[in-house]
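Each structure below is given as structure tokens.
Two complexes, one shared chain (chain A), two partners (chain B, chain C).
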Partner chain A sequence: MTKYVVKVFVMAAVLLLLNGCWDNKDINHRVMPVVLGISKVDQDFKVYLQIPNPSDEKIKTRIVEESGQSINEIISKISTNMESQVDLLHIKVIVVDEQIAKEGFNKIISAFLRSRDIPSKALFAVCEDDLDEFFAQMEENTSAEGTVLLDYFEKDAGWTPQVALTRVWHLYRSMYSLTHDVAVPLLKLGNSLKVEQTGSGVIKEGKMVSKINPKETLLYNAFNGESTQGIIEVMDIATVKILDDSIRHRSQVIGGRPELLTTVYLKVTVLEVEKDTSEEMIKKKLSKQLENRFNTMFANIQQKESDILAIGQLFRDQLPREELKQWRSKYYPRVNATMDFKVDIQNSGILKLKTN
Partner chain B sequence: MAKNLQVPILYFLLHLGLIFFMYPRNIIESTESSHWIPIFVAVASHFILLILYLKGLSYFPGQSVISIFTEAGKVYSFLFLLPLFFYFFIVLVVSVRAYSEIIIIIFLSNTPLWCVMALLLLISAYLASLGIRSIFRAAMLYALLFIPSILFVLVFSLQNVDWYYLLPIWSNKFQFLTHPSYFKSFLAVGGGYLFIGFVQPALSFRNKDILLAALCVAPFFFISVYIPILTFGQETASTMMFPFAVATDAVNINWLAFDRITVFFLLCSITFLMLFLTMAIFTTAKILNHYIPSIHFQYSIVTTVILTFIFCIFIPNWSELEEIFRWSSLWNLYVFFTTPLLLLFLGLRTKKKGEKSFD
Partner chain C sequence: MDEVWKNLWEAFRENDDFFKIEQLVDDLQLIFFGLHSLMDFSSTIQEIEQVVTNMRNEQELASILQSLGQRLEHQEEAHAEILKGNLVCCTSSKKYFISIKARPRTLDRAVEAPANETILSGPRNSFTEDLSINLGLMRKELVTKDLIVNSFLIGEEHKKEVTLLYVKKKASKKLVESITEHLRNKKKSNLETMQDLMKLLGISTWTLIPKFRITELPHEASQALTKGKVVFIIDRIPFALVLPSQLSDMFFSENDRNFLSPMTLMLRCLRVIGIFVAVLAPGLYIALVSVNPEVLRIELALSIAQSREGVPYPALLEVLLMLLVLELIIEASVRLPKSIGPTITMVGGIILGQAAVDAKLVSNLLIIVLAATMIANSTVIGFQNSISIRLFKYIFVFLASIYGILGIFAGLFIICSYLSNIRTFDIPYIPLKGEQGDVI
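Showing the complex of A and B:
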């Protein structure tokens, strides 16, 4: 009998120990911001947290800001001053201002990955406006469902293939990788819309070195295997919508110079068309237009030595590792890239198109 | 039939528990490209050692390593059973200390270290004290409960891979063979197979099933290293303490109610690791019991656990731990390679003797 009592006692004690509630804080004593903004004022960082605040009927947003020398210090300051503990586990979007982006965010990104407080899959964006104004606007414009900024990037909500989707771990990879850079979306306060996407910032080893426009971002996404489906291309003779795309690369090193031939197969449907335009004309015009766009963009990023298209990846087996270490400085500027767009008109909508 | 499957299943789980934390980092540290070559060498030696060991054991049906070495004489028992004892003990200390640190780094950042260590040890010790049959039954249950979620995480961690990181396939550099990290990685390769020698006579198994289990484990050696490599690339992955955990952190599944699948994965591997600890406690206590037969087996388990806990407490930080790892890896290698060879030698000798006496 006593043995039985002891057994039950031990089991109860184990139950108390094993539930993991060692020093837990209940959910009503935590605040979980969804958007984190970081700007630089002189030498100090300034942090903005956008916290959804559920009240009757709709969700309100609250913006908290604080400045200090390092992100973690500021967060703990906010935690101290607020009535609840700040929990960054649910940060979805991180916005930094242009100054930080240009100076480089290596330290911030490594800090995020090191502590694991902020998810490494949080999206990253650079804001061209002053963050004070940006967040003030955010606070005013809260939709009933939640946060505008988050919906903007969700694939099942407002995302379009012209927006680069860059996560914290992509940036971390870009800091160390020999052959792989990324582009981050650029945001601005819009006039009629809440947020306006002005293109993408080109990152090289954790620093923003240049910008590309939304149309060029589309090529960047296509290159990186994101679908470009649904995007509308406008020419003087017609307007078409991309239905499908696939991409194929052929790479070789000839005499120390990397040669790349990329073929993009596009399937489009015709939306609007000028009178007397034939299928052939649309195909030719579209592929010419895209080719030109690619060449302009590539010249720009090549000059800045930022390999956002991850072209270096294609040469991994053709250059020895020692040479690959100099990819960005030695080989990349000399890459001869030809992009060939093979356009196919899948259908012309419900109306006929002139055949020849 | 069902009884026969218990040993191979435990064998499989033990290795899963060992592979996913230290192993990827050690391999990524030991070489710069073509990671499959060091992994392949490791897996091949795993198979060779296992086959030799099983062959050696097959000369002594129904006997455990302890009784085999004891029968062989004092010298053998001193030269090989004692190292085996120290090996199990050091592995126990090092893995309890290392994995509690991992648990703290990855998800229980506010929990005191001693508490995590105590829990890891207590649960494993309790299981060990119930005896070998219970350990193996628990393994069956763990396999049913946790293997599905491990597979789920593995499938989804392919989400972010960039296959170009596989290239270049071939590399002529074999420096990894002398790299200290490569020696450390052998804990995952050789840490599990020695236990098989201790399950007899309580349980029986077929050699074919064990080899099949080893064959099932083999892909995981590659997967654990290649998922971080394909997600981040060598340059980035080499900056991480636990590349595999970081790679699963980056997985984004919209429709899943849980934000981070890493936690599932981690908890599953920790349960497997507890099985490993259980087996280590069990074997250490068994050998201890063999040398000091006057104390009861349960008490030798208690002694082992208390000693382990004290040693663990005295390792102050991660760099000290790394140092101990480095030194113990050489010891481990000695044990991994000599034990099966000696067993085979003893086996052949008894066989000859048997034939002679038969004549």
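Showing the complex of A and C:
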């Protein structure tokens, strides 16, 4: 019995003495930045933190800036100077300026993943404007939670399928993957709206090599399995809304040349229609329009050797690893991709109205 | 002749409610002994006189009296009979006593509706203090000849009657035998409380989970009997003690089955959820507020941070402080007379809670969390279980303050391993398929 008591006592003592729980800080003693901005001024980095600051009644947005040689150094500088501990685990969006994106952000991404302070599920975006101006605009914004930028990417808030959703770990994966690149959303200060989405930047091995527009980003999302629901396609004869999509690939290597046949099944509903338009015409026109768009985009990214559609993934089982290492340079530019859009009009009532 | 009853007189003479009445029945002198406080003497004697009149022969009279009660050879037997409330009589010539079943004074309350276990539908009788009434209730509830009632007299100075009930063929023989053995071996120890009974049966009282299920309802007790459990009914205790208790007793009540099946399922799910809320909510609050705020959505994190703005204590102290106040309120409302009880609830719940928030001692969210905890705590069946749950939540509070979410999972692991380790008479507390213990 005494042995048992001693055992329990020792265990309790160890639990109390060795746990380190005195390092825990309560939530009101932490500042939780939501957006992290990084820009390059000459050789130094400049870091912006957008911090929602709960005060008595409202939540106010506050921007903190600091510059230095490396991101981690800057964060620790900020932490020292702030009245509370900076807790980067709540960062939802990371914005870098175009210069960094073009020079490559491999080092930054690796540092993020290594330090483990920044969640790997944070979204990544490139800002085409000067970050000083961009964050100044953010500070003015007094939304309820101070999370405007975040809401653009929230699926249950303001996200639309024309915006790429790229997280830090996606970028990290693309740095090391032989066959998979990503696109990152491009932001710009808007005129009437706070932020304007201008499409996506095409990333190759951590560098931005090209840009695609929002309509092309839609195809990128469709390829990556994100839903494209709710997107409106305008043609000269009709306007349709995409309700659902599914995608099927057939890949084979013929004589050292990758052949890809992709079938996209689209379910659409007709919103507006010109006179004397038949179902067939809409289907044909829509397929053609999307096909053209795909071909333009594909030629663009093929030329830049950036496989953002992850086509290489489909050939992984058909090429030996040694060959896969040359996927981007040798095989990818030669991919013959054929798109086949199968359109299904789900609500064709408007076409049957004679008065149209 | 005198000596026979002189000793009896000496044993009780200091008591003012003890009486010795001599009566002449047709030249035969009879002496009656008894306690006024336990019997109604005048109506008892009337009954006896009706039988005894016209008896000439002393021999005949003695046998008639014996037919009314029983013959006692020893002095000690006579003492016990008097204490039971029976009339003891002796004749001038014989050397023995005769005890006669007397008409008892009504010292017990009637069978009433249960006070602690409210039931919506189902039989409303509840046990009372009187053993024979309780046994009668059980017999009415379970009409079968397989219901076996074994009585034991336990105790050194004052004897207490304990009854063991089980259903033949349902209850395991080994269980009944080992219980009977324990009760026989320790006839000398006193039996007043639950803990005494546990000691009698060789069960450790240092356990966090009640080994007995306590119920006021004959219906619940009888259903437990049909499932192979055994039931103790102790004289002067208005509960039945069902042995062994099992995890399902916390969630499942037999009365649930008086509702339709989907409702039964819903009620039981609610209780399971209730237990999880009661056990986990305060710990989760601490984990999310002080150790792992990154788990929260940013909007929630900000509003929590806002509500904690200006609170001087760390989350652990804050929670412990409010929990202490709440436990005190519960304890106070048990203690207080029924007429003052609601006042304390109001003062405690509304005024104290709101004032604490206004004074920025605790955050609003904590009040919500603790209110939810206390409400959820009451969904558990059985007050004993609810106290256990109340205790368990502190394990989570401390572990969460140290390890956060990880600590909560560690706590769940500890509780699960503790519960699965509990055995009563070799019957597991969490019976799994394939291992039903000894009970069929």
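Note that in this section the second predicted complex is superposed on the first by the 325 of 356 C-alpha atoms of A that agree within 3 Å, B and C clash if a C-alpha of one lies under 4 Å from a C-alpha of the other, contacts with A are read in each partner's own complex, and residues count from 1 in each chain.
Definition applied: a contact is a pair of C-beta atoms (placed from the backbone, for glycine too) under 8 Å apart; a residue touches a chain by one contact, two chains touch by 3 or more.
Worth saying up front: this structure is predicted, and the values here are computed from it rather than measured.
Chemist: Applying the document's definition of touch, where does A:Tyr176 land relative to chain B and chain C: first, second, both, or neither?
Modeler: Once the two structures are laid over each other on A, A:Tyr176 reaches chain B alone.
Chemist: After the superposition on A, what does A:Arg116 contact: first (chain B), second (chain C), both or neither?
Modeler: first
Chemist: Can A:Leu15 be said to touch chain B (first), chain C (second), both, or neither?
Modeler: second
Chemist: For A:Gln313, decide between first (touching chain B), second (touching chain C), both and neither.
Modeler: first
Chemist: What is the contact status of A:His90 with respect to chain B (first) and chain C (second): first, second, both, or neither?
Modeler: In the superposition, A:His90 touches chain B and chain C alike.
Chemist: Tell me the contact category for A:Val47 with respect to chain B and chain C: first, second, both or neither.
Modeler: Neither chain B nor chain C is touched by A:Val47.
Chemist: Regarding the shared-chain residue A:Arg30, is it in contact with chain B (first), chain C (second), both, or neither?
Modeler: After superposition on chain A, A:Arg30 lies in contact with chain C alone.
Chemist: Considering only the touch criterion stated at the top, classify A:Arg321 as touching first (chain B), second (chain C), both, or neither.
Modeler: first
Chemist: Taking the two structures together, which residues of chain A meet both chain B and chain C?
Modeler: Comparing the two interfaces on chain A, one with chain B and one with chain C, the shared residues are 89-90, 119.
Chemist: For a test of understanding, state which residues of chain A touch chain B in their complex under the given definition.
Modeler: 17-18, 20, 22-23, 89-90, 113, 116, 119-121, 154-156, 167, 169, 172-173, 175-180, 310, 313-314, 316-317, 321
Chemist: In their shared complex, at which residues does chain A touch chain C?
Modeler: Against chain C, chain A makes touches at 15, 19, 21, 24-28, 30, 32, 34, 52, 54-56, 59, 87, 89-90, 92, 119, 145-147, 150.
Chemist: Can you name the residues of chain C that touch chain A in the complex?
Modeler: It is residues 288-291, 293-294, 298-299, 301-306, 308-311, 314-315, 401-404 of chain C that touch chain A.
Chemist: Which stretch or stretches of chain B touch chain A in the complex?
Modeler: Listed in rising order, the residues of chain B that touch chain A are 32-33, 105-106, 108, 110-111, 115, 119, 160, 162, 164-165, 167-169, 231-233, 235-236, 239, 246, 249-252, 254, 259-260.
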